[in-house]
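Read through the structure below, which is laid out as structure tokens, and then see the notes.
Chain naming follows the written order as A, B and C, and within any one chain the residues start at number 1.
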Amino acid sequence: MAGSKGTSLRQYALTRLALVLPMIFILLTLVFLLMRVAPGDPITASLGGHVPPAVVNQIKEQLGYDRPIYDQYGSYLSDIAHGDFGTTITDRRPIGDIIVQNGMATVELTFYAMIVAIVVGVTFGLLAGRYRDTWIDGGSRLFGILIYATPVFFLGLMAQLFFGSYLGWLPTSDRASPLVEATLETHTHIYTIDTLWNGDWDAFVDVVKHLILPAVTLGLVTAGVFIRLVRVNVIRTMKDDYIEAARARGIDERSVVYHHAFRNALVPVITVVGLTVALLLSGAVLTETTFNWPGIGKTLIVYLQNRDYAAVQGIIVVFALVVVVASLIIDFVNAYIDPRIRY
Amino acid sequence: MATTAEPVATRAPRRLGGVRRALAPVTEARGMARAMLWIGAGITLAFVLIALLAPVIAPYDFDTFRADGKRFPQLAAPSSDHWMGTNVQSTDVLSRLIWGTQTELKVVIVSLFFSIAIGVPLGLLSGYFGGKLDRILVLIMDALFVFPFLLLAIVVAFLLADKVGQGIVSAAIAITVVYVPLYFRVVRNHTISIREEPFVEAARALGAKPFTIVRKYVFFNVVQNVPPLATLNAADAILTLAALGFLGYGIQPTDGAEWGYDINRAVSDASSGIWWTGLFPGLAIVLLVTGLTLLGEGLNETVNPVLRKRPRMKVDLEPVPLDMEPL
Amino acid sequence: MSSTPVVSVRDLRVYYGTPRGTVRAVDRVSLDIGEGEVLGLVGESGCGKSTLGRGILGLLPDGAVSDGEVLYGGRNLVGMGAKDLRRLRGPDLGLIFQEPMTRLNPLMRIEDHFRETLEQHESGLSDREIRTRSLETLGRMGIPPTRFRQYPHEFSGGMRQRIMIALALVLRPKLLVADEPTTSLDVIVEAQILGILSDLRRSFGTALLLITHNLGIVAEACDRVAVMYAGKIAEEGDARDVFGDPAHPYTRELLRSTISLETDELHSIPGAPPNLIDPPRACRFHPRCPSVMVVCADRDPIEQRIDDGRRVLCWLHGPEERIPEGGTEPLEREEIAVADEA
């Protein structure tokens, strides 16, 4: 069954894409229904007490909440298909803008956190699996467990107390100092990129300093998951038959461990990287609240507190789509690495 | 996860027989798995005791801010009067810690109980009988499963807040909803793989009714997976509950003490360098979750044969007897 | 046969520990394998033949202890350092396994497997040399060059086994140990693989130790055969002689149990294979032997050489001077209990 790498990967991609559509559909529907579970309508719920009833009705009409439910569902779906995620009720911002600005803040945070998580997690996981049942293994696992048990907001709090108040080395909130924040020319809304783009070295350093505590905190907490997973996979892989066969051919232990065991063990880890995106999103919500990072998580919490259903709906829809797309990408990467999956 | 294929029983498996079989790996545990198991169990037990004995051992109630007619100092550092200090509301941190144990365990145990009670049977039925019901359930559960636990919990709590009011009940329901897909998925997958095992096929060929098969053969095999999963799940649930509390969707301060809520309050104390209001509740979370995780991982290692390590035994090579001619 | 054997096994013991006791998998085995010779090693499951095969290469699991001599090229492989042993595996000694399906790394192409093996033992080879040598060996196994860059899962079981054999032979070892190489393959593929294996002397000059429980393939492919029981060699000699006129009762029973087109009645050896942790006293086969004598339950048999160069481990062949008074009387014993847990 010979097939060139290219075509089979393409076929796989198409099949996978086709399967994803029903999932997205269900998620969107679920979100829509959930938002309308509450009695009454969203507008009254959020603006009810603060704004005269006549205005409330007006807004209701404008935003279409007085139409029959099927109608709303229809335009909801078509809007999303066109990339329109709606407008918030409380401050009338287009959700698309919110996604871009605050979303990028979260992307920046989770990206660096993921790097920390992978580096720390995979390293300790590989060590623990290779040196199973020695103190290295025990130490790494204990570290992984403790790290996982530490709520990210607690770690963040302690970090703030220690590095911020006590030592005074690092800033404990916001993305950048007020001056930098005010003068930054944004292109991508990712500050580390933008500052470099503008060639502003001082601003870059400032932004990095603000990133360190939140990213490392979030990354460390997520690393715990990787340690456990990588370790189990290394142990499982070292028992595989082809490992023994390689040894029978006189391959030295080092090569066996690195080229066979570790490489094969990491394949399922790629999947977990995708799942970790979901983890990171929820972690981001907490981290952003702790460090006052203006990301999409914190924004969601604020709108939740204000009972702005439209905003919540729009943001959650974006979350859902992001998670689905991430898992899709992971599947593709998996198929690329492991040729057995393509069939 | 572990698949112990039990041979077709010639008589109905005794209840205790199943339990004893299930516990066998635990008593045989060696090395690190054993250490984790017992340490984890010890820690968890300690917390359970604290929760049960809260009314007896807590110096004050969770919302007491005065005693003997005198109001407690506000944000006082740890001292002989208040071992862990007081917080901004002048309540004793140690007391809130102890009462908080009760809250955490209460909510988590009740929620997980319901998650299991709903998820496991659904998984069994869905896995064994398949068909349309299975397909629908799988679609819904997968869609829920894809969502990060915390976000889902927040959304559910948020939605329930209107109907049920914020507080213990909405937090508990949120946690239940969030973890049902987990049990459903694991149980369903395992059921499907067992369903195809020869001994189940044999039972079918002998004319056993479907419910009998599920009850006698499938259930005991699959259920062995639940304890490690539930323990690790409990650890995760505590974190989720604390997170909900931190964000303000957990317990109302008038209902009881909750660690996550306390940490939230402690954030504003940080800038003044006040550490005791956040450190102690945080450490409590870390300790309890660690205990549960150690217990769960220990169980996992002992139950899962892939990870079980064969104990290495000493071998004596006896000397070759001298009166034998060389071969 | 040939003058100097390729491998000389002397008094080899391989024991390993379990919670229930020490398993005496190989208990004082001696063998010679001549240059280019095909030696079959047969026995029931659990008799220790796999352990013996791996013991020769030093590929034993953690916790196994070995003792005795495995002489190769003037050196004793037992107790040799791991690094030296490793260097011998590939260019001098090879091993192929039973399950070809799982013995190749699914993420590596066949080409990569060969490159790894060749570069490990002969560094500094050019890509072209690697390719040429690999393709040449693969070609002899019937694998076309167009499939060199494919992945393991694209091949059937039989082809994967041929790839494994090619991989083991690419460095032209002097001895290849084949541990049940055709057990998991269907009969037609089995015949092809056997054809390749029995021809190794001609095509590669490699000696072969063929481990199997299938008497048929031994009769077909082997020059000499050793019959193993409970960790010891019961009988060893030229294949035609052993099968034509078996000297050891166990060999006789094995042959009678073999099913052929002439079989009209099923015959099986009563009892169950022995427990290697606590084997029977004296002769290990005595509880199941139809020709058992009093001495068999009392004293360990002594290895004898009989006329045609065969070796037997059985009191039926003497030495008479070592058998005490009345030892040759048949032994009374109770009906053999149905399969006690082995």
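We take it that contacts are C-beta pairs under 8 Å (C-beta built on N, C-alpha and C of every residue); 3 or more make two chains touch, one makes a residue touch a chain.
The model shown is predicted, which means the values in this text are computed figures rather than measured ones.
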Measuring from CA centroids, which chain ends up nearest the centre of the complete protein set?
B
Per the definition at the top, count C-beta pairs in contact and tell me whether A-C or A-B has more.
A-B
Based on mean C-alpha positions, I'd like to know which chain lies farthest from subunit B.
C
For subunit B paired with subunit C, centre-to-centre distance based on mean C-alpha positions, whole Å
51
Between subunit A and subunit C, what is the gap in Å from one C-alpha centre to the other?
55
Starting from the mean Cα coordinates of subunit A and subunit B, work out the distance between those two points in Å.
24
Over in the complex, which subunit A residues touch subunit C? Could you list them?
1-2, 240-242, 244-252, 255, 259-260, 263-264, 267, 337-340
Interfacial residue positions of subunit C with respect to subunit A in the complex
57, 59, 86-91, 94-95, 97, 99, 102-107, 116-117, 120-121, 146-147, 150-151, 153-154, 164, 167-168
In the complex, subunit A touches subunit B at residues 22-23, 26-27, 30, 34, 37-39, 45, 132-133, 137-138, 141, 145-146, 148-151, 153-154, 157-158, 160-161, 164-166, 172, 228, 232, 235-236, 239, 278-279, 281-283, 285-286, 289-290, 301, 304-305, 312, 316, 319-320, 323-324, 327
Touching residues on subunit B, where the partner in the complex is subunit A
31-32, 139-140, 142-144, 146-151, 154-155, 158-159, 162-163, 235, 239, 242-243, 246-248, 260, 263-264, 266-267, 270-273, 275, 278-279, 282, 285-290, 293-294, 297, 306-307, 309
